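The first chain written gets the first letter, and so on, giving A, B and C; residue counts start at 1 in each chain.
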Amino acid sequence: MSQAQLRQTGNMPDINQRNADWYIDKIVQYLVFLSGISAIVLIVGIFVFVTIEGFGFLLEDFSFREFFLSQWWEPTDDDEPTYGILALMAGTASVTGLAMLVAIPFSLGSAIYVAEFATGKTRESLKVLIELLAAIPSVVWGFIGLSIMNPLIIDIFDVPVGLNILNAGIILGLMAAPIMTSICEDALKAVPDRYREAAEALGGTRWQVIYKTVLPAAKNGLLGGVLLGVGRGFGETMAVLMATGHAINMPGSVFDSVRALTATIAAELGETAVGSPHYQALFTIGIFLFTITFIINLSADLIVRGIRKS
Amino acid sequence: MASTGIIENQFIETELNVSAKRTENLFRILFMLMAGLLILPVLIILTTLIVKGSPIISFDFLFSFPTDGMTAGGIFPALLGTVWIVGVALVISVPVGVAAAIYLSEYAADNWFTRTINLAIINLAGVPSIVHALFGVGAFVIFFGFGTSILAASMTLAVMTLPVVIVATRESLQAVPHAFREACWNMGATRWQTIRRVVLPNSVSGILTGVILEVSRTTGETAPIMFTGAAFFIPILPESVFDQTMALSLHLFVVATQVPNVPEALPYGVALVLISMVLLMNSASIALRMHLRGKKKW
Amino acid sequence: MVSAAEDMTNTASVRDSAVKLEVRDVAIRYGSDTAISGITLDVKENEIFGIIGPANAGKTSFLKALNRMNDFNSEMSVDGEILFDGTNIRDVRNVYALRNRIGVVFPLPVGLPLTIYENVAFVPRLRGIREKAELDVIVERCLTRSALWDEVKDRLDSLGSLLSGGQQQRLTIARALSQEPELLMLDEFSIAVDPVTTMRIEDVLKELKPEMSIILVTNLVQQARRLADRTAFFLDGECVEIGDTEALFTGQVKDSRTTDYIEGRFG
């Protein structure tokens, strides 16, 4: 009996004919490719659109010196509007700086605890709680800054105003901490067990092992985590808007009210006319923010990836 | 380190050993406290919100309109608006995100181009929310001409949360062992047939985890929708995606900072509703993840 | 069971049958490493073609090239010509159809994470068969032929990926049989399977000979002797010689290394 006669499951496909399935596969390939490049398209798109809207300002009223070196941000002044963001940058920097001061040690400590010391149920619960901490929306944090931290700071430190760098700094620290903790935890877990085993074999205690072996080995990942936390702090909007107070000035102490770059855009955009110099200046701040966070994220990714290669 | 009884007696605690142990315990406690201090705020916040906000929570609160210049009444339009915005954002971002993840997991070669895509995803996730808002205004409100609308706000949010869906989907796709794909290819199945019949069905739960996470984040965002479609107060409910709407997250901002003479419990109530929704969804996502870890299919 | 007499007749007629697969001067490279080179051979219709040789001789790479699975590996390049039914496999317009007509079983068993039933119904469904009655017949036939039916007939809706190794290998074989392939390739299938089951499958292979061509890569030299009509000996990336199986095993070799390997002097 020939092979053909014995075949019972019909519809044997012809090797020289493209059927529907062949074409469907090709179509799907193109569709998913288009979706795949969407991320690139969007990132470029964000940069393009934000730049376009701010372009007018860059061409006409923008002066590099004034923008970056003047602390006078008075775009609504009728006679002589000024667009200096120095005070705003100082606001962002001081709040983010304090946030990092709070977050870095706590994140590192928590990460070390979760990755190296905690076991079983404690570890699982901690990780879950940290994840829930990360889920709290920015506007809720801002509200907490307004309603809980504000009176607390006024009471404890005996200052007239509780909406200041300290308030926003602590909140921002708590907001950035979860992501820093989880990345640092990943970095610590990525250190192969044989490092720990070798150190233990030499007679080290848990802490000595961590301090002398694991931490140095994980330092790239830890650095990356810190950078990402900084990036998060830099770009935070609502919480900072609600907790820093509304004074645009160069800060002298942690009890001063300031205004951050992000908050400025959020606070003023609604009151500008589309296309006006003020409107465009706000978009220009957006370009600046985008560029800074882009660089921070790029560096963080390069650093974190650097360790995965070695 | 395990030890038998006999050997243990042969090791005497030297002074060096004792002090090293003490240092270790100190640090262990220190780090444990640090972790605890990180968690403590969550508990304090939740407790305060519950204590101060629950008095105002009622069926009426959830299902009626704000009255008296938003100093009284309910939050229904804000709740509904959030549902609209999140829903439309999902409809846009889930298909694109899943497709992009399929590309990255099943088709893309490991070259510089793929690395660029991954970099773009990480950066997209790191763009400040206010810059997303600016993009939304420039692109969707103005350039595409949607005006301030649910559509513009949802698209802005979709762009912002796309990375979440992509990453979660990609991870669950990559968790499916490669051997399954090869077995299907060997039988003459196309890539798509393999994905449709074997890979995707076994990744659905992981994808769902990512989607729930996305919903949770979208619900809480304020800045991206502030200028693209969400308004402080609208007396009527939206009828189409081209209408403006109120939103829960923005409503919290409004009653906390823009409305005078608000009774203390009101903003706490709004915050409580918002945080409950978000934490509930996150917990669902976490629970789903844990449940999956137990169910082995291979 | 095929009797010895029938076996002899089959082998004789093989010499005169049509050629199913022509391999001309094929070389396979991974980057700059050459896995195999200079392979030229024919596989005829209705024959069992054995390939023996020590590990890393390039046998598995060879099989992968035959159904163009190298397409999925950018590192792997295939030179030379491979003709299936007279058509160069590089020129076929529908490569999936090619793979659909070639069944392959690798040493590592793979039970798909579908029900046992759906594992075997996978290819029939791809071909458009939807009727449950039809699928039932196919599933039972293939599982019976792969010596798995009796063990799983009462739990066809349990997951194929959770079966034992030996069962998964028989499931893999059942899947390959469900393709009703014109060419069935087995790469050291008995590694994952116990000796009794191996014998049952060997019997099935003999029964399948009238329906298809079979390439049997095996490290069990005696298995080649039992089953293969002709056998090729691969060593260090080249095909040392090809010949009538019985002849090779009785010392009528062109290269002494063949006898050395067969008699276990190295391996």
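The rule is short, and it goes like this: a contact is a pair of C-beta atoms (placed from the backbone, for glycine too) under 8 Å apart; a residue touches a chain by one contact, two chains touch by 3 or more.
Source: prediction; values computed, not measured.
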Centroid comparison with chain A (C-alpha atoms), farthest chain: C
Most centrally placed chain, judged by C-alpha centres: B
Centroid distance [mean C-alpha coordinates] between chain B and chain A, Å: 14
Centroid spacing, where centroids are CA-atom means, of chain B and chain C in whole angstrom: 50
Distance from chain C to chain A - Cα centre to Cα centre, in angstrom: 54
Shared interface positions of chain A, touching two or more other chains: 13, 21-22, 25
Chain C residues counted as touching two or more neighbouring chains: 96-98, 100-101, 123, 126
Sites on chain B at which at least two other chains make contact: 188, 190, 193
For the chain A and chain C complex, residues of the former touching the latter: 1, 3, 6-19, 21-22, 25
Contacting residues of chain B [partner chain C, same complex]: 109, 179-180, 182-190, 193, 197-198, 202, 296-298
Contact set on chain B toward chain A in their complex: 1, 20-21, 23-24, 27-28, 30-35, 37-39, 41-42, 45, 48, 95-97, 99-100, 102-104, 106-108, 116-117, 119-124, 126-135, 137-139, 142-143, 159, 162-163, 166, 188, 190-193, 216-217, 219-223, 226-227, 249-250, 252-253, 256-257, 267-268, 271, 274-275, 278-279, 282-283, 286
Chain C - residues contacting chain A, complex: 45-46, 84-85, 87, 92-98, 100-101, 123-124, 126-129, 138, 178, 180, 182, 210-212
Residues of chain A that touch chain B when the two form their complex: 13, 21-22, 24-25, 28-29, 31-40, 42-43, 45-46, 49-50, 52-53, 105-107, 109-110, 112-114, 117-118, 126, 128-133, 135-140, 142-144, 146-148, 174, 177-178, 181, 200, 204-208, 228, 231-232, 234-238, 242, 262, 265-266, 269-270, 274, 282-283, 286, 289-290, 293-294, 296-298, 301
